[in-house]
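Dropping the structures in below, format is structure tokens.
First chain A sits with chain B, and in the next complex the same chain sits with chain C.
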Partner chain A sequence: MKKKIGVYVCHCGGNISDYVDIEKVKEAVKEEADVYLVKNTLFACSDSSQKEIEHDIQESELDAIVVASCSPKLHVPTFRGVAQRAGLNPYNYVQANIREQSSWAHSDNPVGATEKAIQLVKAAIAKARESEALTPVKIPAVNVAAVIGGGIGGLRSAISLAEMGTEVYLIEKESKIGGHIAQWDKLFTSNDKGSDIINSLYSQILKHTNIKIFTNAEVIEKTGSIGNFNIKVKIDKEILPLHVGAVIVNTGFESYQPLQSEYGYNVLENVITLPDFKNLIEKSDKELIHNGKIIKKVAYIYCVGSRQDDEGENKYCSRYCCTAAIHVAIEAKQKYRNIINFHYNRGIRTYGKQELLYEESCKNGDIYIQFNLENKPQIEVVKGKTLIKVKDILTAGKEITAEVDLIVLVTGMISRKDDTLINTLKIPVGRDNFYNEIHMKLRPVETVIDGVFIAGTCQSPKNILETLNSSQAAAAKANSVLTKGEMTLEPTLAQINPASCILCENCRNACPFDAIMTVNYEDRQVAKVNVSNCKGCGMCTPVCPTDAIDLAGFTNPQIEGMIDALVN
Partner chain B sequence: MSADYDVLIIGAGIAGEESALKLADMGFKVLLVEKEPSIGGKMILLSKVFPTLDCAACITTPKVSETARHPNITLFTLTEPESIIKEVDNTFSITLKKRPRYVVEQDCTGCQECETVCPSVVHDQFQMNLVARKAVYIPFNIANPRIALIDIDNCMLCGACEQKCPSNAIDFTQKEQIISVKVKSVIVATGFKLFDPIHIERYGYGKYKNVITSMQMERQLAPTRPFNNILRPSDGKVPDKIAYVFCTGSRDHTIGNPICSQVCCMYSIKQSQLLMGALPMADISMYYINIRAFGKGFNEFYMQAKDMGANFVKGKIASISEKENGNLILRYENIETGEVSESEHDLVVLSVGLLANSSVTKAFKNKILKTDEINYVKQTNLLQSPAITSIEGVFAAGTATAPMDIPDTIMSAGAAAAEVSGYLNQLS
Partner chain C sequence: MALIKPELTKDIEKYGTFDFKACYNCGNCTAVCNLTNKNSNFPRMFVRYSMLGLKEEILTSKEPWECYYCGDCSEKCPREADPGEMMMSLRRWLTAQYDWTGLSGLFYKYLPAFLTAMLMVLAGVLIFANAVKWEVEKMLQFGHFFEMIAIAAVFVIIFIPNLMRMWYFMVVKTHSNVPLKNYFTALNELFIHMFTQKRAKDCTDNHFRWLEHFILVIAYLSLLFTTVFLNWFHTQNLFIIVLGYIESAFIFVITVDFVKDRMQKKKALAKKSKPSDWFFVIWLLLMGFTALGVRLFIDLNILESNKWMYIFHLTVLAQWALIIVPFGKWTHFLYRSFAMYFIKLREPEIKSIK
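The block that comes next holds the complex of A and B.
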């Protein structure tokens, strides 16, 4: 059947048109078979352009549309929406990526970029020509979420979910919930006690009958898809199967442990980490005492385990430690007489309102000494005295030696190395070893796995306030998806023609999602696709010896048409 | 208790949009009001965003369109709340003031024919006054709604636009509308104000033409940029020695803003990277106090700018003076050498900070929406429920509570949506 195809070539501001000659692209594709109209647009995704496309679809009775713009990752839903609103089946829409694959990739070669863009648009037209109307698959979804991690973030996610009407399984690996914060005394910005906050959140949890807590528990298996995950939780020695619609991972961080002899750690008895120092202050009463000695002069060495040079793998800033160290220094000064704080830093990062704490500490008379990586502080013990020697940037590189009683290593956050969870949930991990979101700016709590969300410090270092915000944001996102009670699945799924199937098992072996099942067909057994598991990845299609499998939306005629267009 | 809407959201920047979309997806009825003629807030005007260098317009327009057409979201532009009164049944009685557009929204097609005939030319505030617009104008190319409005203060009432308009959409008889609604809850998502560097006289902004703000540079780098090149204002020359003055209007008691604005280091570093791409021969110097590259991927992005050749100088700029040729002399103490130095640049960009935008507090008539010592909306349960404010049923999202970047804003807005949903469920 002859189709009427509308083609829209996007400038993307200048992102595309600076390198790709849009007029040439238009000219080159307008004679392609079935192309009814070709237009260019400054921003195809803008509201006015969307309305124009909708108008064209209705006015010219288009059967398919192609937008040549950016990566389909972002805007396929946008333009499918355009098609739908205009009464065209959304799967008659095809996107050509002439930004990431042309203008950005070949900004040094505008002529080549233009040629490539033309080929890509022609291929998209070929695909649109063979496109068919598809109907999304609807399956029921359970309004239940698993929250993994019972620290402050996990508690917050659980309470918010419960308040919004989602049932929660809170799964904690340790024997007690509360995480790091339960063990901390006063917290920066509000001076609330960590244990008070955790107790308050815990008492809120107890009020909700729709939250179940499992401790000593670990998720070891996950199958299914958003709205219908089947997870297995190992509790002590028992395995508990749970049916959930979404998973929020809120597994937190680990404190960086200094290496043997890093700044004298584990060698000198008066070198401790920031978490140790927080405990020490909480426990010491009238005098600050460490190892039986009264402490007056405290040196804080910043960025231990963070912003490392070539020798270490942690290139990132741990975000919370500057403020945490300054807050603890202020507390030490308030609690004990005659404390002198020396801050050996690499540029203080008390961002936002936290700046006020830095200012308070400066007013307290704390001494700030700044070093760079080439000149790290040198620690030596001379006649029982601990000396720190460093070239101070703030005094034009003057070498300064100070005698101190205690050295606090301001240690950062590192990711938890939880391979079981990474393998079970298949969330991508970034170069910094923290979990990666799908889009850093606008979708910070979603991952590439639909229905699996990340929140808190398992994503990146955060302070408590930021952890709470992300935990509630993940809860809001999960609830907004599950509360409708049904999931709409992409119809781009594999289909097996039972008449041609010889049940060779090739497709079952190729499927990474356990989506192939066996059914009876005319007195024999054949393979069939379980739609709730199928992700439409296409792994099964090429291995079928009898060509019994086709992938809706990516059918053989479509792919062959695209290849022909690309090689012509 | 009955109400017209479940929630009123004040401000349709990315925070307001995010909260609105989350709540609308949950099935709540949302009324979203925006005082500007377009939604999208500050983000829609940006070039690219750090540290991913995503094109801001490309990633924000889907959110903007989705907000504008969501069946559960009612949207009013040019609208601000006049009064918000909490009633005994816990609903809020809201009086909204909607300023006239002088253009019939449904009839305007956005063809811009009116702009061609309008004789009144004024500074374009959405291009940060770098270029001009007409008194009848579409705010900017990717505005939503993309329809014209008349800036009546600068209109000569000549009627040329009225005659030219092919769809007869111009209507000079429009009046300010007062709209009364009842809602069950409120989210304050009013965003921030940019610091106006005119208040730091020694930097010469407003006096020396080649001293511009970072937002003006942002526009020059944006896909919808005014010049298609980087130009300095005095003579239209392409600059080749650019300076950034960090902490302009932040960490500064003399102008009443002691806190760090949290985003300026990173946006300046981002601009330096974009400039090094656009003007490969240009020297770029960054005069800073501390570099606050604290977020995910930020420190790596800072290191990348250094490797690309941006020259980072630790020293706060004390004063700027102008030479006859329009070049500028920056005086500062170079902290690393301990010397007072002067250096010449042909364009200076002031990395302006963020200030609280708390004018909405005046609308709360019978309950006080508390603010903190620097005028941000006070978060009264900071370390348990950050979106909660001093009034039960009123929540805050995004930079209304503190300076923050885009991902933090999105998360804060999501948190506010979670609080509102929980609050509404407990009411019913």
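The block that comes next holds the complex of A and C.
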């Protein structure tokens, strides 16, 4: 069938036209088969140009359009929108990138850039010629979510989901909900008690009949895809199958445990971690006593297990520990007036409102000593006295010694060591071993596994405020997907022609998304694409020995046509 | 070994009004200071030493004496921590450390102790006057005698041992190998700084203050010379009489201006006057005023009928010579110039370190 294709060559201000001869491009492609009209435009993405293209589509009854401009990453959605508004199927639109791939890359060679642009536009025309109208795939979804992790973040996610009408299964590995927070007394910066906060969240949970809590429970299996996950939860020794539309992972962190003899840990009895010290402060009575000795001078060594040098793998900052240590130091000072706090830090990071705590601590007369990684504090015991020596940056690198009674290692956060969930859910982890989101800024709570969201400190170190922010964001994101009742998927999916499939398993092995399943076809087994898992990546197409697989939007005729156009 | 001593911080705080806790080590104070250089890092480094209580570091340092308190640092401090006052406090603290009797520290920190000492001197003067049956001639004779004895005694008993201690801290403790020759070649540095305070001229907008101070020092020393060696109160020599009047008038006028500054609190250095500052400047004023009064009463021949004038003068003089001079702010005159002298001694070594 003959098509009427409209081609628009964009100047992009001068970004393209300064190096690529637009007139030559127009001249070269106007005789291409099926090309009905060729126009140039100063900015194809401008409102007026968009309106002009819409007008052309309707007026000339175009079957496909090509815009030769910038990277498809930037403006494919724009021009698909143009097509749609003019009544043309969005998948009949093809973008040729003559800016990044031509004018910018070959600004030293305008003649070559022009030639290359011509080839690229011809290839795009070839693809447009073979383009088909595609319709997005819709699959049903259940409005049920599983929240894994019953800490403060998980509780918050569950409540937010329940409030929005999503049914929630809250799955907690321990015998009690509440996580780390439930164990702590005063929390920065509001001084609320951890147990009070957890109790308040728990009482909210009880008001929602659509939240079911499972404790001593672990997710051991996940199949299916967004909108229709089948998960298996092991509760004690029983296995409970659940059908959910989305999963929010909110499994939290573990406290870094100092290595044997790191700053004297496990060797000197007066070296403890920050959580230990917080417990000590909160449980001590009139005098602060550790190991039978009254504590007057406390040294805090910051960044233990965080911001490590080449020997350690934790390069990140744990975000909460500076503030937590200072908050504990203030608590200690309030409870025991004669305590002297020494803060051995690598730059204090009490960002935002937490800075007020730093201010308060300074006003209390706390002493701040700053070191760098090359000169870590050295701990010595001389005649029963514990001495810390360090080259203090703030005193021009002079070696300063302090005699202290107790050393508190300000330990940071590390990811959960138990990786069964990573294997079960197939969530990608970063080099820091925390779960990875798709994009830190643009899609901060989504993972590459559609329908699996991450929130809280399983993703990266966060303080409580940040944990709750991300927990509610994940809840909102999950709910926005599930409440529609159905999922709309990109139609650019792989299709297997069952007649030519020989079930060689090549495609299944190549698929990174577990989207190949086996079905019966005319008394034999063949491979079939599970559309809800397929991302249209195209990995399966080239490995098929019988060419049984085609990818919608990138069909073999389209790609072959493009190659022909490029090599001609 | 630089050992942190938080208790020292608390001690230094008693010598001034500096707010240690406000400082966040930005270093603006050092950046704006005209007198700091690569060999003399202050005020920030000394704020830091004081916060950490590094006693040895402060005790062996010359920097506190290199500051003449123009107040630029205090004005520019973003935390209003007042580093200028910090340097002043360190000078008071150092004065107390050099003083082997420990009285300087006691008087700086505890006003009642100082007042008690002043009252005891007053009582002593009254007891003496009563013992000589309030006879002016005897009192005048004794007063002249007392001045000479007091000066000699304060020098021998207080200043020489204190300067030895200062020398020990600044030169011996810093392991400076000073050739004997240097002690003589550097002497001119000592006298130049003692009589001119020439470094203070580099302070911001300080020329008038420096000039006033310079005239005051010269007038004070000249009056001392005129009363003690030229025996102003007994002389018939018109030149000496007029000279004494001029000197005491200068002292009076300049000290009145200094008192006015401290009352107006406009200049940074006059904003936070400790009792030791007030007593120093007021007693200096009274010295000029009463000396002038006594000589005037002699010339008008009314001293016999106004004995109180001389008793007043003698009291001020005795309090000045026995308390304020040996244990108070007056010692800056010596310590500053000796600090410059010791720096000059150590100069080759300081240069080689940098």
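One rule holds for everything that comes next: the second predicted complex is superposed on the first by the 390 of 568 C-alpha atoms of A that agree within 3 Å, B and C clash if a C-alpha of one lies under 4 Å from a C-alpha of the other, contacts with A are read in each partner's own complex, and residues count from 1 in each chain.
The rule we apply is simple: a residue touches a chain if its C-beta (ideal position, glycine included) is under 8 Å from a C-beta of that chain, and two chains touch if they have at least 3 such contacts.
Note that the structure is predicted; figures quoted are calculated from it, not measured.
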| item | value |
| --- | --- |
| First, second, both or neither for A:396, with chain B first and chain C second | both |
| Which of chain B and chain C A:180 touches, first, second, both or neither | neither |
| Chain B versus chain C as contact partner of A:80, first or second or both or neither | neither |
| Chain B versus chain C as contact partner of A:367, first or second or both or neither | second |
| Partner chain(s) touched by A:340 [first = chain B, second = chain C, both, neither] | second |
| Touching partner for A:535 - first (chain B), second (chain C), both, neither | neither |
| Chain C versus chain B, contacts on chain A by residue | B |
| Touched partner set for A:327, first chain B, second chain C, both or neither | neither |
| Chain A positions touched by chain B in one structure and by chain C in the second | 394-396 |
| Parts of chain C lying in touch with chain A, wherever the complex brings them together | 1-4, 6, 9, 20-22, 24-25, 41, 45, 48-49, 51-52, 54, 57 |
| Complex interface listing, chain A residues touching chain B | 12-15, 42-43, 45-48, 50, 70, 74-75, 77-78, 156, 160, 163-165, 187, 189-190, 192, 197, 200-201, 307, 315-317, 319, 347-356, 359, 393-397, 430, 432, 434, 439-445, 459-461, 464-466, 468-477, 479-481, 483-484 |
| Chain A partner contacts - residues on chain B that touch it in the complex | 14, 22, 25-27, 49, 51-52, 54-55, 57-65, 68, 110, 141-142, 144-146, 222-225, 228, 251, 258-262, 290-300, 303, 314, 335-339, 372, 374, 376, 382-387, 402-404, 406-408, 410-415, 417-419, 421-422, 425-426 |
| Complex interface listing, chain A residues touching chain C | 297, 340, 342, 362-365, 367, 369, 392, 394-396, 398-403 |
